[in-house]
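So, here come the structures, one by one.
You will see subunit A twice below: alongside subunit B first, and alongside subunit C after that.
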Partner chain A sequence: MKEFINNINWRPFIIIFLSLLLSLLIGSIFMISSGYNPLNVYLMMFQGAFIGKINIMNSLKNATPLIFTSMAVLIAFRTGTFNIGVEGQLFMGAIAAAWAGFSLEGLPSIIHIPLSLLFAIIAGALYAMIPAILKFKFNVNEIITTIMLNSIAFLFTSYLVNYPLRESPMAPQTPKVFESARLPRLTDSSQVSVGIIIAVIFAVIFWFVFKKTTFGFRTRVVGEASSFAEFSGISPVRTAFYGMLISGAVAGLAGGVELLGVHYRFVELFPTGLGFNGILIAWLGKGTPLGALFAALFYSGIQSGAMTVDWITSIPRQLSDTLLVLMVFFIAAEGMFDWVWPLKKKFLNKKDQKAGVEKNA
Partner chain B sequence: MLSKFIDIAIIQGTIRMATPIMLAAMGAMVTGLSGIINIGLEGMMLLGAFFAVVGSYYFGSVWLGVAVALLSGLIMALLFAIFTMKFRAHIILIGITINAFALAITVYFLRDWFNVAGAFSDNAIVGFNTVKIPIIKSIPILGDIFSGYTPIVYLSWLIIISMHIILYKTPLGRHLRAVGENAEASETLGIKVKGIKYLAVILSGIFSSLAGAYLSLGQLTMFTENMSANRGFLGLAANIFGMGTPIGGALASLIFGFADSLAMRLQGWETIPSQIVLMIPSALPILILLIFSVRKKKELKNFKEENISKLLSGK
Partner chain C sequence: MAYAVEMLGITKYFPGVVANDSVDLKVKEGEIHALVGENGAGKSTLMNALYGLFQPDEGTIKINGEKVVMQSSNDAIQRGIGMVHQKFKLIPSFTIVENICLGSEPRKNKYFIDKKEEYKSVVEISDKYGLKIDPSSKIRDCAVGIGQRVEILKTLYRKANILILDEPTSVLTPQETDELFKVIRNLVNKGKTVIFITHKLREVMEISDTVTVLRKGKLTGFKPTSETNENEIARMMVGRDVLLRVDKKAIESEQKPILEIEDLVSTDNRGLVALNQISFEVKPGEILGIAGVQGNGQSELIETITGLRKIERGIIKIKSKKINRFSPKSIRETGISHIPEDRVERGLNLDATIEENLIVTSHDKKPFSSMGIFDFNKIEEYSEQLINEYDIRTSNSKNKAESLSGGNMQKIVVAREIEEDPDLLIAAQPTRGVDIGSIEFIHKKIIEARDQGKAVLLVSTELDEIMSLSDRIIVMCEGEIVKIIPGGIADEEELGLLMAGIVPDTLQSKMRREAK
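And now, the complex of A and B:
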C-alpha cells in the first residue's frame, strides 16, 4: 500500500487542489464585493450541486454532453491538433440526430436510437473533415477555420429550423423525435437519460485505449513528439487527420445524445458553450480521460450549484463559468507552482536528518 | 443590379466594420512577428468593449472610457505574457481561456454591477461623435469616403501607418522581425528577446482593447453580450492573408469589413434567408485563406523547381 501511494504522481493533484483553492479565493472576493459571505455561498453551491436527488440528477444531466465534448477535445489534442470546432460539430450532430429521429418512422427503439446516433456521429465527423482537409492538405490554420465553421454551423442549423425542417409557423424548431428514437430516462422526475451511462463507459474505454493499446501509444507519440514519431514510422499527419475526424465524430455524438436524451427536438436556441467548456474541462482534468470525466462531473455540479445560488441571492449564475475559467488558468500555468516542489524535499530532508540523528544516538 | 448594393453608404460601412478587424490584425501582426500566436485577441476586445462602457459611464468622459478599456487590455496582455512565458502555459489554451473568461466575466459583471442581462445602455454613457476632417470633407465623394467617422477610425489609420514605419524603418522593427524569425540567433546578437515579446503582447492587448472601445463607444453607445463576435479571429485571419505586413493586414480587413457590411445590407432583402447571407463574413475568410495557401504552395513549388534546375544546369 505504501509503495502504491509512493508510486502515484501527486503533482497533478496538488496543482489541481491549489488551483481550486486560488479560484475559490478570487470567487470570494467577488462575493464579498456584492455583500455576501463567501462561506455561505459556497455551502449553498455545494448543496445545490450534490445534496438531494433532484440536484444530483441535474448535475448528471449537465455532465453528459460535457464528458463527450471533453473527450472529443482530448482525442484531437492527443493526436496533435486543437479542435476548437467541437461546438459546431456538436450542432451538426444534434440536427442530424433530430432529423433521423423525426423522419424515420416505424423503427423499433433498438434500431432507431443507434441509427439516429450514427447520423449524429457521421455529421460531426464530416463537419470536422472540412478543417482537417484544409489543414492537412492545404495548410490552412485550423483555429481560424474551426471558429468560422462554428458560426456557420449556428447559422446553418438556424436556417434549417427556420425553413426546411420547421414544424409549424409558431416557433423556429423541428418536430419532436419519435418515442422510438428517445434515449430512455433514468428517472421520471429528471432529464437524465442513459446518455450519462454511455458517456461514462465511453470515457473508461477511451482511457483504456489510450493507456493500454498500441493505437493509444501511436497517438501519444504523435501528440508528444512528432519528430520522434516520424522516425519510428508513424505518420503524424495521418494520425492527426484521423484524430480530428474521430474528435468530430465524438462531438457529433455529444450533440446526438443531448438531443435524443434531453430536448427531443432541435430548437433555434440549442445550448451553446458545450464545446468550448469541453476544452476547458479537458484541461481541468489535466489532459487525461478519467480526469476529464471527474472534471465534467465536478463542473456540472458547480453549474447546478451556481443556479441555486442565482435563485436565492443576486449572484449571477455565470459564477460557475468564471470559477471554471479561473481554475483552468491556474492549472495551465504549471510554472506558477514551481515553488511548491522544493518544499517537499526540504520537508523530507528534515525527516531524514531527524531519523539519522535518532539512529546515531 | 450591382449599383443597388454598391454605393457610398456601403463603402462607409466597410470602413466602419473593418476598423475593429484592422486593429485586431495589427495585434495579430506584432505578436505573430515575434513568434507568438495570440488567440486571446477576441477576449481582450470583448473586455475592452465592456470596460470602455464602464469607464464612460462612471467618469462621464468618452476618453476616460477608452483609458479604462486600454487598462483592461494591458492587464490581460500582461497576464497572457506572464502565463505563457514565465509559467509555461500552453499558448493556445491561454488564448481560449482568456476568451472564455471575457465571455463569462462580462455577463457576470453586467448582472452584478448594472443588474441587466444581455445588454447595457444608459444615457450616462458618453459615446464618440463623428469628426469631419476640415479640407478633405469638402472634396466630393472622397470627402464622404474619408471623412465623417469617430476618432478611433482615424486613430486606427495612424496606427497602421506608424506600424509600417516602425517595422521597416527603425531598429525596434528589425529586432521584432528578427525575434520571430530566429529567437536564439537574436539573443546572441544582443537583442532582448523576452522584452520584445512582452512588448509585442502588450501592444496586441492595447490594439484589441481599443478595437473593443470602438465597438461599444464608437459604433454603438452600449455593451452587448459577446459583442466582439469573432472580430478578433477575423483579425488573425486578416494578418495571415496580409502576410504579416501592416498594409496587407489592413487591406485584408477591408475585405472582411466589406463582407460584413454587404451582409448587413442584404439582410433586409427578402429573397435570401438572412442566415445564409450572414454566413458570408464567416465563409469568406476560409475561402480566402484557402486560395492564399494554394497559391503559396504553388509559388514554393516553382521556387524549388527553379532552384533545382539552376543546380542541375551548374550555375
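And now, the complex of A and C:
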C-alpha cells in the first residue's frame, strides 16, 4: 500500500489543487470589491452546487452536454486534430433530433428516441466530415474551417427555425417533439434526464477505448508521433479522419440529448458555449476521459452554485465562467508552479538522485 | 609542460545516474587530446561542464593553471574555450561571415555593424589557420565540411585557445576527414589546444597525442596514444574484449532475388530528382551495402521502397510481385521490415512505453490483440522476452522509450524489425550514435538474419560498417549508382573516391597512380 501511494504521480493533483486555490483567490478580489465576504459567497456557492436534491440534479443537468462535448474534443485532440467545431456540430445534431422528434409520428419511444438520437449523430458526423475532408484531402487548417463552420451552423439553424421549420408566427422555434421522442426524466422536479446516464456510460466507453483497444492505441500513436505511425503501417490520415468523424458524431449526440432531454424544441436561442466549454473541460480533465467526466461534474456544480449566488447577491452568474477560465489558465500554465516552487523541486530532485544512486550501486 | 585544462575529481549527478564519477581530465597545452567512450559514458557531460553549460557537483576545473568556476558558456568563451557541436548551430540563410561574427559583430557605432571590418577579420583568421572558405557565400549553399570549418572559425573569431570538437568526423567523407585532420594539426602548430571527442578508434590512433577513456561515468584510461593500440582502447571503453572485425560465412548459391528495382525515379521534398534511374537487386542470404555521403539519395531510396515516398517512374518488386502503389502497411505485409535511419522521428514513439514500441507494427494481430482489444499479459510476456534476448537495459518494460540511452533505443527498433521475420530487412544507419558494445550486437543480429537466408539492404555512411558487413556494395552519388563492387575487394580509398562521384577508370590506372 505504501509503495502504491509512493508510485502515484501527485503532480497533476497538486497542480489542479493549486489552480483551484489561485482561481478562488482571484475570484475573491471581485467579491471584496463588490462588498461581499468571499468566504460567505464560496460557502453559498458550494451549497448551491452540491447540497440538496434540487441543486445536485441541476448540476447533473448542466454536466450532461459538457461530458459529451469534452469527449468529442478529446478523441479528435488525441489524433492531433483540433475540433473547434464541436459547437456547430452540436447545433446540427440538435436540429436534426428536433426534426426527427416532431415529424415522425406514431413511433413507440423505444424506437423513436434511438432513431432521433441517430439522426443527431449522423448530422454531427456529416458536419464534421466537411473540415475532415478539407484537412486530410486538401490540407486546409481545421481550426479555421471549424470556426467558420460554427458560424454557418448558427445561421443555418436560425434560418430553419425562422422559416421552414417555424411552428407559428409567434416565435422563431420548431414545434415540440412528440412525447415518444422525449428522454425520460429522472425526477419530476428537475430537467435532468437519462441523458446523464448515457453521458457517463460514454465517458467509460471512451476510457475503455483509449486504454484497452487497438483503435485507441492508434489514435494516440498518430497524435504523438505521426511519422512513426506512418512508418509502422498505421495510416495517420485515416486514423485522424475517423477521429474527427467520431468527434462530430459525439458532438451531434450532445445536441440530440440536450434537445430531447431538456428543451424538447429548437428555439433560436439554443444554448451556446457548450462546445467551447467542452474544450476547456477536456483541458481541465488533463486530457483523459475520466478526468473530463469529473471536470464536467465539477464545473456544472460551480455553474449552479454561481446561479444561487446570483439570486441572493448582486454578483453575476458569469462568476462560474470566470472561475473556469482562470482554472484552465493556471493548469495550462503549469510550468509556472515549478517557477514559484523552485525550492520544493530542488529538494525532490536531490532525493531522487540519492535513491537512484543507491539503486545503481 | 603546462596543462591547458585540468579537470580534477569531477562528479555530476543526474536524477538516478552518476554521469561523471570523480573523473580527471588533464590536457597539455598544444596537444591533440582524444576523449573517447561509448554513448552515455559521460563525455558530453564532462565537456558541457568544461564549457560552462552546467556546474559539476564536485571537483575543480583549472584553465591554464588557474582555478575557475564557470557560470555559463559566456564565462567559458571569455577564458578562451570554444566548442564545435556535433549538430552545427548555423543559420542557413546567412553568409559565412555573418554566421562567424553573429553576436559579436564589430560596430561602427552603437547601432550599425561594420561590414568591412567584419569581412576583413574573418579573411585574416581563415588565412592564418589555413581554413579555406568563401566568406560571402551562404551556409545553405555549402557542403557539410565547409559548415564545420565555419564552426571552427566561429570559435577562433572569439579568440578560443582550447577547442572542443564533438564527434567532428561523423558527418564527413574520408577525404573531408583528411582535410579536417590537416586543419587540426595546423591549429596545434599555431599553438592551440584541441580536445577531440570521438568513438572511432582509428581516428584516435591517427590524430591524437594523448587519449582519455571513459566508461559508465568513470575514468578507465589515460595514456599517450603512442603507448597504446586500438584493441586496448576498445577494451577500456567496453570493459571486455571486442571483436573489431565481423566474422561471417561466405554467400551461398544463386537464387531468385527478393528485391528487384528497375529504373527507379523519385524526387526529394523540394521536388528535385533524388533518384535517377536506379536499378539493382538483392538476393536471399546476401547483404547489399549502399555507401555514399549522406544526402545522395539513400534516404529517398529507402523511403520509396517502404512506401513512405511516391514513386515517379520505375518498378519495385518484392518476390517478383510489383509493389509500386502499396501502402506502407501492405508493403510490410509482403515481408519487408525496416530499421529507419532516424530512430527518434520514425523508429520510435518516445512518449510511448518500451512495450508499445516493440509491438506497434503487429499490435492489431494475434496474440497481442483480438477483436481490437489488447491482451496486455501477452504483450508484457513478449516484451520481457525481447528485452532479455536483445539485452535492452531497462528496469521495467513499461518505462517510456525516452528514458533509454541511444544504444538501447536502437535495440528496441532492431528487435521489433528482426522479430517480424522479414524476407527483406532494410537497415539504414543501424548503428548511428550507438555505443561499441551495441554496435557489435546489432551487427551480429544483421549477419544472423542474412545467414537465415534473408535479404538485407544496408545503408550506412560508416565505411567500416559497409565494408565489414556487405557481400556487395553499391556506391551512390547524387541519386545515381556510381558503381557496384563485390564486398571482399573494396578498399577505403576507392570507395571514398566513388562516393565523391569519381570513377577510377580501371584498376590499372589506379596502380599507375600508386606507382607515381
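Everything that follows uses one rule, which is that the second predicted complex is superposed on the first by the 338 of 361 C-alpha atoms of A that agree within 3 Å, B and C clash if a C-alpha of one lies under 4 Å from a C-alpha of the other, contacts with A are read in each partner's own complex, and residues count from 1 in each chain.
Just so it is clear, a contact is a pair of C-beta atoms (placed from the backbone, for glycine too) under 8 Å apart; a residue touches a chain by one contact, two chains touch by 3 or more.
Every value quoted in this text rests on a predicted model; they were computed, and no experiment measured them.
Undergrad: When the two structures are overlaid on chain A, which partner does A:T213 contact: first (subunit B), second (subunit C), both, or neither?
TA: A:T213 sits against subunit C, while subunit B stays out of touch.
Undergrad: Mind working out whether A:S235 is in touch with subunit B, subunit C, both or neither, as first, second, both or neither?
TA: Only subunit C; A:S235 stays clear of subunit B.
Undergrad: Between subunit B and subunit C, point out the one touching more subunit A residues.
TA: Result: the larger residue contact count on subunit A belongs to B.
Undergrad: Can you name the residues of subunit C that touch subunit A in the complex?
TA: Result: residues 13-18, 306, 308, 327-329, 332-333, 338, 340, 345-352, 356, 360-361, 363-364, 369, 372-374 of subunit C touch subunit A.
Undergrad: What residues on subunit A touch subunit B, complex-wise?
TA: Touching subunit B from subunit A are residues 30, 34, 82, 84, 134, 138-141, 143-145, 147-149, 151-152, 155-156, 158-159, 162-163, 276-277, 279-280, 283, 314-316, 318-319, 321-322, 324-326, 328-329, 332-336.
Undergrad: Name, in rising order, each residue of subunit A that touches subunit C in their complex.
TA: For this pair, the touching residues of subunit A are 212-215, 217-218, 220-221, 224-225, 227-235, 349, 352-353, 355-357, 359-360.
Undergrad: Can you list the residues on subunit B that touch subunit A in the complex?
TA: Touch residues, subunit B against subunit A: 37, 39, 83, 86-90, 92-94, 96-97, 100-101, 103-105, 107-108, 111-112, 115, 230, 233, 236-237, 240, 273, 275-276, 278-279, 282-283, 285-286, 289-290, 293-294, 297.
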